[in-house]
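What follows is a set of structures to go through.
Here chain A shows up in two complexes: once beside chain B, once beside chain C.
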Partner chain A sequence: MGKHHGKRQGGRHTRRHPSSPSSRRRRAGYLFSLPGLAFLGLFLAYPLLYNVWTSVHDVDLGTLLGGASRFNGLANYRATVADPDFWHAVRLSIVFTLASLLFQFVIGFALALLFARPFPLNGLLRSLLLVAWLLPPVVSGTLFRWMLDGESGAYNALLRATGLGALSHDWLTDPSTSLAGVVFANVWVGVPFNMLLLLVGLHTIDPELHEAAAIDGASVWQRFRWITLPLMRPVSVTVLLLGLVYTFKVFDIIFVMTGGGPVDATSVLSLYVYEIFFRFFRFGEGAAAGLLLLLVPLLAGGLYVHRLRREGEAA
Partner chain B sequence: MTRGRRPWLRTAVATLITAAFLLPVYWMVNTSLTEPDRIQADSPRWLPVPVTTENYSTALAVDALPRALLNSVVISCGVVALTLLLGVPLAYALARIPMRGSGTMVLALLVAQLPPSIVLAAPLFILERRAGLDDTHLGLIAADTTLTLPFAVIVLRPVLRSVPRELEEAALVDGCGPVGVLLRVVLPVMVPGLFAVAGLAFLIGWGEFVFGLTLASEPAVQPVTVLLNSFVGRHGTAWGALMATATLISIPVVCVFAVFQRFIVGGLTAGSVKN
Partner chain C sequence: MSYAVDRRGFLRAAGAGAAALGLGSVLTSCGSGGQSGGGTVTLTWWDYFTLDNFQPAFARLVKDIESNVPDVRIERRTFPFADLDRQITLGAVSGDLPDIAIVDNVAMNSLGGSGLLADLTGRVEEWGQSGTYYEGPWAGCQVDGKTLGIPNNSNCLALYCNTRMLDSAGVKPPTTWDELADAAQKLTRGDRYGLAMSAIRTEEGVFQFLPFLWQAGGDLDTFATDGATALSFLDDLVAKGSLSEQCVGWTQQDVNTRFVNQRAAMQINGPWQLPSLKQADLEWEVVALPRDRTSATCLGGENWVVMESSKHQDKAWEVLEYTQRPSVLVPYLVALGNLPARKDLADTGTWASDPALRLFLSQLSVARPRQYGPHYADASQAVAVAEQAVLTDSAAPTAAAKSAAVKIDKALGSQ
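Up next is the complex of A and B:
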């Protein structure tokens, strides 16, 4: 669209009459964009660049309050990479992210299949499910802390009431189950969003494909396997990439539920960065660790944008 | 997909799943209305009988809570205002005006949504302190708007593109300037998109936690999410008051969603973004 426009107006007016309507319009365009871009430059781009600067300097509370910080090359990165807690956090982040993605995607897909066909109350129930995703993560975290409580938690009470009392457990205070506990809560938050996007994908599948296959005698499973799944592949990849970006940076819900504990059992990378930067005030190392944390979302985001562009070209 | 043969069966299954899924939300409200000494009984009560508002009075008696709720209202309304003020002109320019570099700008807006909040909070903590913006509502509003603005532009741009060009051209012929066209012709057509962005920006501002935790240390500025977190730490087992606070925080979320639902769901699936 932009191209056509440029040709039509650029050729005839702009070059010869600098104050023609189209060049006035273009100037208005820059003027309209300026405040928003300046804001993002000041509060987003500059701080991130400043983070890069901090990551190669020796910055602590003392230097922050006035003293000059010394350039120390890659020392902060070296210190971070040499810290076993950092690698522990990396491992936890990977497990947390993969487990969350797997469960929220599979459950979200199943729910999308359920909601894809019209039935009474479909819209209302779908909206109710979305509430889980819209609640502030701090609220969900507090909520699940209570639900998973060892003594009076509702889930343990449910287990006891159904004769599965042997399974009741102090989920969040036992280091071997606390990660499962925060994954559980995070999946709860992520399922509705996955469902919503996958539902949009399911609606783009032509129902006639299924009807034709049914007439040819294909079973429900065969139709799912050979029609739905292949056609849902592009949407699924998009949903998983977005999920990867969001899940890898999760902070609030874990922070509220366990604070990273017990004994660092849930201290994922985002919590590690918080600790280093805001608890120990080792700003240089915190900035370096933060930039390492940024790598995964950037990579996933790059893939996502790449796919968007390819789809744009195909359309 | 064949047409459902037994739609009511699906309704039954979906209702059961939704009920099970929303059990935690029910439990939050249930606990908040249960008498404090019955909350941690051996067998929990599935219904709050007798209903009590004691937990709410306990929660609200803590001076900090009304203050924090007010802070959150100020912050999220500020976020909505700043997002629309900066986002609408930017989205309009990117959607309708052929400019050099607009492709790069759209790309940059997509990338802008990637950084984890904690990575941005770290340098903002230093920079806002130097600029005297730490511990101010404005500092938090600005930080939160870095989350909402990129996504607002990405949601609004396609909406603006769908406004018929003839409308704008007619207005231009009638002697309207670019600002007049935007305010008088384009804005009224894009009201649903504006609602979606305003609703989502409010929800993001209302639920934001990382910036509140790191950029504000004064109770006079802290949002209610930060207060809830510190309640959890301090009164770890006062579940009645905690759940009352959590319910109070959730009420505006549910209200905003109920009112803007149609717009929000549309805007979400169009932009495929949330922070």
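Up next is the complex of A and C:
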């Protein structure tokens, strides 16, 4: 082994003498990345490829055991695209994602501006806010399911106690408000994440800019509009792209709160795919719908990486 | 998508872990037993009886089996209720399946056509005891003319009434739909509803709805008409305020909580609520579900199945047969608080003397299994969505029934 190794290296020496140390280093680099590559291959690439395979085969509970599933081309994709429930789920996913992102971002930005100023207990309050983000979604989903309950929920009790009883409502069991209910919960979960990243962004803005503008007589609003907002753009785009990736595939909190109902008012794409898989056991179609569900986060992820690279080049 | 990938990845990791930890011992004991000829066979057994209060009954049954069925050891593993079906499916992919399992009777629809279950027809014929079972539970084990399981225990739905509330309202327990609607209306007062039932968007809600469809004289194949009748009956209850619209979010457990907290005067529920109700500070009685054109209730409970992949099907059948002996079955069911699926045991055990259990047992003769074949899940989903649409006022009963019927026919016609 050692002998062989030496011989090969010798051969290299005669051919490409000067680049030898760096190429050796590069080879060592590949070696070091092997565990990572193996991990990715085993736990990412393999299941993903298996999923692609499943999506072009006729796989259901019956064909699963015998392995007799037939290649059926794009039939699973055609069945998915022809299913009105799929498009309903797509629409719901888009509404859920856009509404969540909008509120998470605006509230997160406002809180970041607040916490960017020093005040007593700033650190403590900021860490307390993070709890919302750290809670397992099953826990926060259950909490909101109880709080939004029509009969015994905390929100209706609060409304009644403040004389706004007329506004109390069966939030989650009314199809016209249940989506708003799950968006509400998801915003609560997402705000701290937005706030944290935006806060970091705010700290990178040179305070001298604000001081100079203030001396020139700029109002608070003018400084926010013409200094903070433009300088926060790169961070904001990053936060929104990451938020898009996370929000589009949210499953657990909705599953716990409404299970996709009432009727089909909260059956977003992730729940649709879950039901195809584990309620109807149509694995082929589920895999196809799943890959379609992957498109949006993949696109957003691609944009994100692209931006990162461009920023890296600019720096 | 990412969910499916995660599950698969997880499955593989978990499968490897399980193999390394638990199954290693199973395999070695199988190997040593099987090869030495006539040695001990280890059977793996899956079920979803995870709650603590079930464990003594199962510990005793397993011990009974191990000491009375020759050369057998049991490795029992439990999963949460919602996970067992999935686990068996995933097990089919990874090749990690038990020898025997106790599955929900409705799972016979999806498992029945999958080829995962061993055909017990020949053994059952030789055994000759099929006639001792109630018709519904037994029919629930037959798929395409083959016997793919035997009943483990059975239950069904009935109507619980808060006797004090009924007395003070001067209402008798209802026996027909008209009486039910009338009683529910009279019993509704303040924040108390006359009736509570589950209309949640899962199989649980469908389990509670199907009796109304059957009582109307129909079945899934006549959903467009009889489904509309059943849906409009429930719609009226909601419209009159006798049944809370919130029932579209209630599980059967939520329903029982309402009944115990006296927020509902009557509830539709099963015998598994009896232990908690007996401890509650509340006077109640159980009556049969009110009838319309006919009497009907929905069959619940579990079936024993043997996996086709098992290498020890003979031994597995021996175990199943042993559990059905009255001397074994009665103490097991009594300890679980469950009812037998066998008519010949009606006069033994706690259900012979306890009036509530006796009522549930008597209803097994009109309990129907949800036996509709491999695409039942699609039909069930259509029923649940139709019911939710009607009760939340998103659709009229006739329209909801009609569009559900299209989906049901498509699902059940494509078998």
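The rule is short, and it goes like this: the second predicted complex is superposed on the first by the 281 of 315 C-alpha atoms of A that agree within 3 Å, B and C clash if a C-alpha of one lies under 4 Å from a C-alpha of the other, contacts with A are read in each partner's own complex, and residues count from 1 in each chain.
Rule of thumb we're sticking to: a residue touches a chain if its C-beta (ideal position, glycine included) is under 8 Å from a C-beta of that chain, and two chains touch if they have at least 3 such contacts.
Model, not experiment: these values are computed from the prediction.
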| item | value |
| --- | --- |
| Which superposed partner A:240 touches (first chain B, second chain C, both, neither) | neither |
| Touching partner for A:102 - first (chain B), second (chain C), both, neither | neither |
| Most chain A residues touched (candidates chain B, chain C) | B |
| Chain B versus chain C as contact partner of A:286, first or second or both or neither | both |
| Which of chain B and chain C A:119 touches, first, second, both or neither | first |
| Which superposed partner A:294 touches (first chain B, second chain C, both, neither) | both |
| Chain B versus chain C as contact partner of A:43, first or second or both or neither | both |
| Touched partner set for A:94, first chain B, second chain C, both or neither | neither |
| Chain B versus chain C as contact partner of A:151, first or second or both or neither | both |
| Which of chain B and chain C A:270 touches, first, second, both or neither | both |
| Footprint overlap on chain A, comparing chain B with chain C | 43-44, 47-48, 50-51, 64, 149, 151, 249, 251, 259, 270, 273-274, 277-278, 286-287, 290-291, 293-294, 297 |
| Residue numbers on chain B that touch chain A, as the complex places them | 1-4, 7-8, 10-11, 13-15, 17-18, 21-25, 27-28, 31, 39-41, 43-44, 82, 85-87, 89-90, 92-94, 96-99, 102, 105, 107-120, 122-127, 129, 142-143, 145-146, 149-150, 153, 161, 172, 177-179, 182, 203, 206-210, 213-214, 225, 228-229, 232-233, 239, 242-243, 246, 249-250, 253-254, 257, 261, 265, 268-269, 272-275 |
| Chain A partner contacts - residues on chain C that touch it in the complex | 1-5, 8-9, 12-13, 85-86, 89, 92-93, 110-111, 113-116, 191, 200-202, 244-246, 248-249, 263, 308-309, 374, 377-378, 381, 384-385, 388-389, 392, 394 |
| Chain A residues touching chain C - in the complex, by the definition given at the top | 43-44, 47-48, 50-51, 61-62, 64-66, 149-151, 170, 172-175, 249, 251, 258-264, 270, 273-275, 277-281, 286-287, 290-294, 297 |
| Touching residues (chain side chain A, partner chain B) in the complex | 1-2, 5-6, 9, 21, 24-26, 28-30, 32-33, 35-37, 39-40, 43-44, 46-48, 50-51, 54, 64, 111, 114-122, 125, 127-132, 134-140, 142-147, 149, 151-152, 154, 157, 160-161, 188, 191, 193, 196-197, 200, 202, 205, 207, 210-211, 214, 238, 242, 245-246, 248-249, 251-252, 255-256, 259, 270, 273-274, 277-278, 283, 286-287, 290-291, 293-294, 297-298, 300-301, 304-305, 308 |
